[in-house]
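The following block contains the structure, expressed as structure tokens.
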Amino acid sequence: MLAANTATDTITVLQANLDDMNPQVFGYVMDRLLEEGALDVFGMPAQMKKNRPGALLTVLAKPEDAARLTQIIFRETTTLGVRQRDERRQTLARKWQNVNTTWGGVRIKIASMNGTVTHYAPEYEDCRRIAVEHRVPLKEVMSEAVEAYLRGSSG
Amino acid sequence: MLAANTATDTITVLQANLDDMNPQVFGYVMDRLLEEGALDVFGMPAQMKKNRPGALLTVLAKPEDAARLTQIIFRETTTLGVRQRDERRQTLARKWQNVNTTWGGVRIKIASMNGTVTHYAPEYEDCRRIAVEHRVPLKEVMSEAVEAYLRGSSG
Amino acid sequence: MLAANTATDTITVLQANLDDMNPQVFGYVMDRLLEEGALDVFGMPAQMKKNRPGALLTVLAKPEDAARLTQIIFRETTTLGVRQRDERRQTLARKWQNVNTTWGGVRIKIASMNGTVTHYAPEYEDCRRIAVEHRVPLKEVMSEAVEAYLRGSSG
Amino acid sequence: MLAANTATDTITVLQANLDDMNPQVFGYVMDRLLEEGALDVFGMPAQMKKNRPGALLTVLAKPEDAARLTQIIFRETTTLGVRQRDERRQTLARKWQNVNTTWGGVRIKIASMNGTVTHYAPEYEDCRRIAVEHRVPLKEVMSEAVEAYLRGSSG
Amino acid sequence: MLAANTATDTITVLQANLDDMNPQVFGYVMDRLLEEGALDVFGMPAQMKKNRPGALLTVLAKPEDAARLTQIIFRETTTLGVRQRDERRQTLARKWQNVNTTWGGVRIKIASMNGTVTHYAPEYEDCRRIAVEHRVPLKEVMSEAVEAYLRGSSG
Amino acid sequence: MLAANTATDTITVLQANLDDMNPQVFGYVMDRLLEEGALDVFGMPAQMKKNRPGALLTVLAKPEDAARLTQIIFRETTTLGVRQRDERRQTLARKWQNVNTTWGGVRIKIASMNGTVTHYAPEYEDCRRIAVEHRVPLKEVMSEAVEAYLRGSSG
């Protein structure tokens, strides 16, 4: 029941309701979890009992990292319970290509399905670094990187 | 530039960014502000700097209550700044009508513009009290109250 | 462990994190997925790493449609990974009844549990079409349809 | 105190709190208001008193349309009060350029500030129509339109 | 794959999409479900088809309560379908300690993992009652309770 | 109409609707605006026309910075219009105090109104640096800093 020609694995989803935590801690916890190997971390606004504007913390993890990341959630947040479930995940094959812009090189991430490119995008951190160093708008850097990629593809 | 046949007044809108407050305090502050005369109080999820899932507190107030409500915001929340602006507000003329349901009386709030009824709704607190006392679904109480109102109007 | 007298089936929930997609594409993808047989599609605001205001796309699908809908998500969005899980779903028995309003017929959707009507509502598209054609407020059309239904039920 | 070389006008912002309205009505009201000349319409999730997950409706309007749009809000929604304020708005100069894609022409919207192009984007409706008619992914159409524009600009 | 030294159980997660319900009903349903034994109840803003600003209702329940709580969701809301999945949940060991404040006693909830205290917090309802009775800011009560706890711990 | 004994100034609020921007750019723009003197920057999820999950960017600025920050918004985002209004802002008097923790010094920010301390909090960046360097939970650092401050105040 999965799309042909993509990779499939199992990931563990960890979730915790945060209805009594200083939001300052949230950004820090995101960074800590990513640094410790979380595949992704995000928050969603949640309207909790007694009219609390809380947050639902979600962490995507490799199954072998789940126990360790759960301990970090307990140590770093105010939650008393962490929920866990496994999900199947399909991912596209991806590769990297370097392109040149006026300000230096940028990697392009290229995803494909069944041999067809379905998505390409300049790597955010490469573009950000150039934008900061050369004081040009980030979107201009991204746009030029895309242009360079398209010229190369169609060349 | 205002719609004809509605009342117009000036209200003061107070706003505070809460990016370091325990969400438990939020529900309490809402109650306190309403109790002290706020016309309305609500929160909106806000994505703040350093990835903080904060809340924007908004209070609608009569201008003469603004200073007092601002002091409550400062005393009860963690904010260091409260913003304030005045807005014009138009409100519909409204009146009340009593209707009978299987479980007792309910007030219907009826709003009209230029002499035409534009909206009617059973009073939430009346319906809630009946739902709790008689252990019937709230939406059933609301529905029966609407039915009674419509029968009366068209009678 | 399921509520008596409702239908139970298994559905597949597909989810994708969108943190680098033009929001214009989102509405289009919703339409595409619904057109291709998704049972429901919705987005939720998500605060993602590096302070990105992303969206979590959720698609409810019949298990046999999951692979096809996953391919559409990959082709139409920027995501590199789609997560999948199965859930049990209980649904109420529902039937339709026609009622007449000043402006024409409207279907009422009636849901029941254990033989008792738990919910009824005028069909949105019927009411919308009347509102557009006759230039009357949508809520007035819905309200009259409800009234017609209640008169009929209690007659 | 305004950015040089952009147009400045005054717009009226209308807002209404919706804490007792069927969300089905919301999408319809957005369409109605846009059709009647609103410059923009959007909703934001709001956590209202008594734990209601309401919505804040915001309408941006030309001052001369404010009264008419306010009447529509009153007729079509459940609100009993509409708030109003004026704001200064700066807008970029914009122009249109046609480009050709594999599937037909697309307009590119080009915005500039002080004579420098700051943003360009393919027109959503043009791309959507092509995507629907030719059954190609919307993002592919948008991407090809951008490519055609860039080729033309640098030619 | 679970963190050592915490309790693990299985809970049932119930979810329903609400895209046509008066938000007034939402707060009432939360209270009803908690009163009937739900472990937690919360809402999340969801952008649904046809531009409806809906809500995703989530209920955490003991598996043996799931059928009963599902019936309440059907009776009290407008949903026609309730989804259900099981998740593993880890919870921290917790205990209570009483401390004295200027205005009376407050319980402190203390959570620990592997014998180390990872979180402590004054009980919200105790603090709220004091704040209401003595007309002092809630955060001042909470702060004094924390101070009393810390003095006691280090004494 | 202002609370006694607080400072009052005028700030400019800038807002832009972003319904066609890659969310990756958002975090970067926040940083850029803060770096260029914005008093605060935040995003709020907005449900825009054609079912776009957009964001409302809000910037709080000193009036003399408004033109410069507006230009940055135009250069760095996809918006074609920036709205502007002035608001009065009241701020509490604040001062700093140093306290010692096991891992080093932390500044405590202390706000007061009419001579009474209304809020105190350890400085986030001080605590974060310690947490990162000493690999201790951030909330433990914050908690110890509060404890040190309270011991000092009551000494």
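Some notes on this structure:
In order of appearance the chains are A, B, C, D, E and F, and numbering begins at 1 in each one.
Assume contacts are C-beta pairs under 8 Å (C-beta built on N, C-alpha and C of every residue); 3 or more make two chains touch, one makes a residue touch a chain.
Bear in mind that the values here come from a model prediction, so they are computed numbers and not experimental data.
Any chain that touches subunit D and also touches subunit E is listed here: A, B, C, F.
Taking the options E-F, C-E or D-E in turn, the interface that duplicates A-C in more than half of its contact pairs by residue number is C-E. Ranking every chain by how far its Cα centroid lies from the centroid of subunit E, the top place goes to D. Distance from the centre of subunit A peaks at B, each centre being the average of the chain's Cα atoms. Interface comparison, A-B versus C-E: the pair with the greater number of contacting C-beta pairs is C-E.
Although subunit C and subunit F carry the same sequence, what matters here is overlap: shared residue numbers make up over half of all numbers found at their interface. Per-chain CA centroids place subunit A at a distance of 28 Å from subunit D. Distance between subunit A and subunit F, defined via averaged C-alpha coordinates, is recorded as 24 Å. Residue positions 20, 22, 24, 30, 43-45, 47-51, 53-55, 75, 78, 85, 118-119, 124, 137, 139 of subunit A each touch two or more of the other chains. Contact topology of the protein chains: fully connected, every pair of chains touching. Chain contact summary for the complex, subunit E toward subunit F: residues 45, 47, 49-51, 53, 118-119, 137, 139, 143, 146-147, 150, 154. Residues of subunit A touching subunit C in their complex: 1-4, 6, 11, 13, 30, 34, 40-45, 55, 60, 85, 87-92, 94, 111, 113, 118-119, 121, 124.
Of all residues in subunit D, only 22, 24-25, 28-29, 45, 75-78, 124, 128, 131, 137-139, 142 touch subunit C in the complex they form.
If you check the complex, the residues on subunit B that touch subunit F are 12, 17, 20, 44-50, 54, 56, 63-64, 66-67, 70-71, 74-75, 78, 80-85. Against subunit E, in their complex, subunit D makes its touches with residues 18-24, 26-27, 30, 43, 45, 48, 50-55.
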